[in-house]
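You will see chain A twice below: alongside chain B first, and alongside chain C after that.
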Partner chain A sequence: MEKSLNKKDFDNFITSLRGKGYKTFAPKKNNNLVVLDEVQGADEISLDHVITNNSIKEFFFPKTENVLSYRMEKNQVQIEEPEGFAVKAVIFGSRPCDAFSLPVMDKVFNWDCSDKFWVQRREAITIVTIACDKCDSYCFCTSVGLAPDAKQGSDVLLTKISSDNYVVETVTEKGESLIKEFESVFSGPSSDSSDRQVATVEKKFEIEKVKPWLDENFVHAVWTDFSLKCIGCGACTFVCPTCHCFDIVDECTMTKGDRVKNWDGCQFKMFTMHTSGHNPRSTQGERWRQRIMHKFKYYVEKFDSILCVGCGRCSRVCPADMNISEMLEIIETEASQSENKE
Partner chain B sequence: MIEALRKKAEELLKNKTVSVVFGYGEGSTPERTRPVFITKPEEVNKLTWNKYCVYNLTTYLKRQETRKLGKPAIVVKGCDARTLIVLMKESQIKREDVYILGVSCDGVGDPLAEKCKACDVHTPRIYDDLIGEKGENKELPFDERYAELDEYENLSEKEKWEFWQKQFEKCIKCYACSNICPLCFCDRCIVEKNQPQWIDPSAHARGNLSWNVTRAYHLAGRCINCEECQRVCPVDIPLNLLNKKLAKEAEKNFNYRPGYNIDDELAMSTYNEKDNQDFVR
Partner chain C sequence: MDNIYRPYLMNISDMVEEAPGVRTYRLNFLNEDEGKKFQFRAGQFALYSVFGYGECTFCIASSPTRMDYIECTFRQAGRVTNALRELNVGDTLGFRGPYGNVFPIDEWEGKNLVFIAGGIALPPLRSVIWNCLDLRDKFKDVTIIYGAKTVADLVYKHELKEWDARDDVNLVTTVDPGGETPDWPGKVGFVPTVVEQAEPSSNNTIAVVCGPPIMIKFTLPVLEKLGFKQDRVYTTLENRMKCGLGKCGRCNIGCTYVCKEGPVFTAQEINKMPDEF
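Our next item is the complex of A and B:
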């Protein structure tokens, strides 16, 4: 049965969750930013932002984590594997684009081996999304096949139907059982549930035209031209909910150490540097091409998904105002021009 | 002013004084501009000038992709021009390698950038051509230039430590701060060296502290306060507070403002018997 949730009951929901041992995360103001972070009650939750500064990925794939610790004794190596990293939690108020990044990333983290850190956290965390009632000029979810009220990846979806009321839809069994567990917090169906307040996100390009053009244009002047202003930092890849490259390093002394998994990014010059000194992607143009190719060609070929959810974070934070949807619009135009020539 | 800028750029490209003009162009929103690299005289209309021209374009002098474009004319505000002086003094560029298109500036950013509030270089102190009115730069007194630090300096040591721990916790090690910095020009940064591993690459408390403190220290007595590190930080760490504090200490001890007087000797690489030595114990 369809349910609704009033804003005044958010606090009851968060407190009840915490009472039952769930950790609770939600969008929260932190100086100039709104970030997904732990909250104790609903008074800490921000509801008037477009999108959080950090993406949802850090709750499943944190910026740094120990994958094992070791200690060398005489002729032995003692290995200790981390435990307790998957904590029962609810992420409340994430956006549909962020939620969708999770099933997209499931594919790579369960590919040739199953990444236990990702998988166990996926099992432990339930996603309660709030559909977007506003957007900004960087948003382009509708161009990559999503919508501001898309359900994929969420366990429960809330959509605003009046200034303080939300219609509640369960998407997965996990969501269903969460709602059941906290049934008393929710109200019955709302009479105004047809009047959904959902943002209108402008469609910026035809995604169907992108991959065929990428297939033919590994060598093209646009890669260098567009990326001349790129400063080669990792801001775009680190705020991205679907960029998942990491580096493994040992932080150690002579006798003990930690093996650590850290976010890494393809825009860094060092990312592909070989020990020989040769760098197969020696220019920023090649590194920028890799970012686009990986998202819109390689991942599609390997996993049948686009590796982009249209959240626009990379463009918002870019120090040099590189804009990814603008890049895709250029590709669409190039594709249309070559079609016309034929 | 925009017309004068475009005309000058067109002339420089036409008579082949330069091969490229580094300037500001329209950005992806009305509140943003972006760096543009003009190589053809017919493209000078892409150049613009407004209060959103916050970037310090001299950073593109260190990048191989933009260096490849040939000798540049570079649009600089008064603050950015100070970077050029430091780069010359540190032997990174020669005076004849760049054509300096100075712009007179009343401040950028909306709201006004912190760096503009105590600015005393509205007219660049070095240029080949000046676009806009030549104003008289009157040097502001020391205390006024560093007034922004008052609140911070009133904190106790413990409070300062807590403040920075909280700030550095946010760091994601994207290195936007060092990549944007025109004075972070090492071909191989200390964080990229792992034999030995000077700085833990992980974005945990220890790694973030050692990275952020090292970055700031490497700019002590060199940073010209363009605030680009702080502007680009995707997690909003007030990095310029560290830089500015170190700039203040360097100026106090060595009576030196980076990039201000071209004839002044560098603070960090010049030995002077009269230098304050009381920190050696």
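Our next item is the complex of A and C:
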């Protein structure tokens, strides 16, 4: 049965969750930022933002995490497995684009062999998404096949139906059991549930035209053109909910250490540099080609998903004002022009 | 669920100084049960770790026909390989693998084999060379062409002698001009030129080439001239890798993940890849 949740019951929901041992994360104001972070009650939750500055990925694939620890004594080594990294939690109020990034990333973290750090966190965390009731000029989810009220990846989806009321849809069994567990917080169906307040996100390019063009244009002037403004800071890769590249390094003292998995990014020169100094992607243009190709061609061929959810964070955060949806518009134009030539 | 980043613990049971800066370690599993279950095939690679310094990637240099141990040969070059060189017999290191695809030696049965290697690229071929030599009856003529900058830089000097002494192996060694010593019995010249002079027959022959990019670049056209079809020429690639498991996102050449679809490729496959080496 369809349920609804009143804004005044958000606090009850968060407190009840915490009472049952769930950690609770939600969008929270932090000076000029809105970040997904731990909240104790609903008064801390921001509801008037477009999208959080950080993406949801860090709750499943943290910026830095131990994949093992060890102790060293003379020439002996003892390995210790990390424990307690997957904590029962609810992420409340994340956006549909962020939620959608999770099933997309499940593919790379599970193909052939599974990364247990990702998998166990995925099992432990339930996602309660709030559909977007507004957007900004950077949003382009509708151009990559999503919508501001897309359900995939969420366990529960809330959609605003009036200033105080949200319609509640369960998407997965996990979401259903969560709603059941906290049934008393929710109300019955709302009479105005047809009046959903969902943002209208402008479609900026035809995604169908992108991959065929990429298939043919590994060598093309646009790659250098795109990269000319780039300062190689890699911020775009860190805020991206689907960028999953990482580094593995050791951090240690004389007697003990950790092997640590850290976020890394394709925009860094060191990312692919061999010990010999040879670098297969030695220019920023080659590194931009990798970024676009990985998201819109390689990942599609390997896993049948676009590695982009149209959240627009990379463009919002870029200090050089680069914009990925503008790049894709240029690619679409190039594609149309080459079609016309034929 | 297993931790895919957890290495086996290995004991260094022996070591050989191969050339200036180049050393081979023989490794044994500290946990015998793990050692018994462990299997690999020629061509696969692994991540070797020095605890406190990190991991580095090389091919397994020993043959799967000799399963009592694993050997790796490395050149001291970066942070981890410098630390690796500080280790001694009896020390512990980490080993994660085997990863990647293999040389399809079953398909090579009844054929002639030509192995061509340059410098530190003999170790990635040593596994498949010994694998084939340990199954010598299954193959026809075996030729090994190996070059290094100088006589001192040749690796596996004892094994080169052993191969040279065998009458079922045709060994050609060469050093770059200026790298020879007065008593050097081998050839002087670059590998592509020496391959052209040695003129291995392409008839019913598989060629396996590994070396620095510049050597491969000039050797492939020579093989083509000698009549080798591209699908009969194999190589093994290396790229910077961190996970070895197709997740960390850096070793790809176009759509191909070297750690998963490689490191072994035919010249035909390489020629289809975009120019991103």
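Everything below uses one rule, namely that the second predicted complex is superposed on the first by the 339 of 342 C-alpha atoms of A that agree within 3 Å, B and C clash if a C-alpha of one lies under 4 Å from a C-alpha of the other, contacts with A are read in each partner's own complex, and residues count from 1 in each chain.
Methods note: a contact is a pair of C-beta atoms (placed from the backbone, for glycine too) under 8 Å apart; a residue touches a chain by one contact, two chains touch by 3 or more.
Note that the structure is predicted; figures quoted are calculated from it, not measured.
J.: Taking chain A as the common reference, can chain B and chain C both be placed on it without clashing, or not? Answer clash or fit.
T.: After superposition on chain A, which the two structures share, chain B sits beside chain C with no clash.
J.: Determine, under the contact definition given at the top, whether A:294 touches first (chain B), second (chain C), both, or neither.
T.: Only chain C is touched by A:294; chain B is not.
J.: Is A:77 in contact with chain B, with chain C, with both, or with neither (first, second, both, neither)?
T.: Touch partner of A:77: chain C, not chain B.
J.: Using the superposition on chain A described above, determine whether A:239 touches chain B (first), chain C (second), both, or neither.
T.: In the superposition, A:239 contacts chain B only.
J.: If we overlay the two complexes on their shared chain A, which of chain B and chain C does A:124 touch? Say first, second, both or neither.
T.: Touch status of A:124: no partner.
J.: Have a look at where A:112 lands relative to chain B and chain C in the superposition and call it first, second, both or neither.
T.: Touch status of A:112: second partner only.
J.: Just to be sure I read the superposition right, which of the two partners does A:247 touch: chain B = first, chain C = second, or both, or neither?
T.: After superposition on chain A, A:247 lies in contact with both partners, chain B and chain C.
J.: Contacts for A:47 in the overlay, against chain B (first) and chain C (second): which applies, first, second, both or neither?
T.: Once the two structures are laid over each other on A, A:47 reaches no partner at all.
J.: Looking at the overlay, does A:198 come into contact with chain B only (first), chain C only (second), both, or neither?
T.: Once the two structures are laid over each other on A, A:198 reaches no partner at all.
J.: Once both complexes sit on top of each other, what is the least C-alpha distance from chain B to chain C, rounded to whole angstrom?
T.: It is 5 Å, taken between the nearest C-alpha atoms.
J.: Across the two complexes, find the residues of chain A that touch chain B and also touch chain C.
T.: In the superposed arrangement, which is not itself an observed complex, chain A uses residues 247, 249 for both chain B and chain C.
J.: Give the list of chain A residues in touch with chain C in this complex.
T.: 67-68, 70, 72, 75-77, 79, 81, 108-109, 111-116, 119-120, 218-219, 244-250, 252, 257, 259, 261, 264, 266, 271-276, 278, 280-281, 286, 290, 293-294, 297-298, 301-302
J.: Per the contact definition, I'd like the list of chain C residues that touch chain A in the complex.
T.: For this pair, the touching residues of chain C are 1-7, 9, 49, 51-55, 77-78, 81, 88, 90-92, 94, 213, 238-240, 242-243, 245-255, 260, 274-277.
J.: For chain B, which residues count as touching chain A in their complex?
T.: 27-29, 32-37, 55, 59-60, 63-66, 172-176, 178-180, 192, 194, 197, 200-204, 207, 228, 231-232, 234-236
J.: Looking at the complex, which residues from chain A come into contact with chain B?
T.: 31-33, 53-54, 63-64, 137-138, 224, 227-235, 237-239, 247, 249, 251, 260, 262-263, 265, 268, 270, 283-285, 315, 317, 319-321, 323, 326
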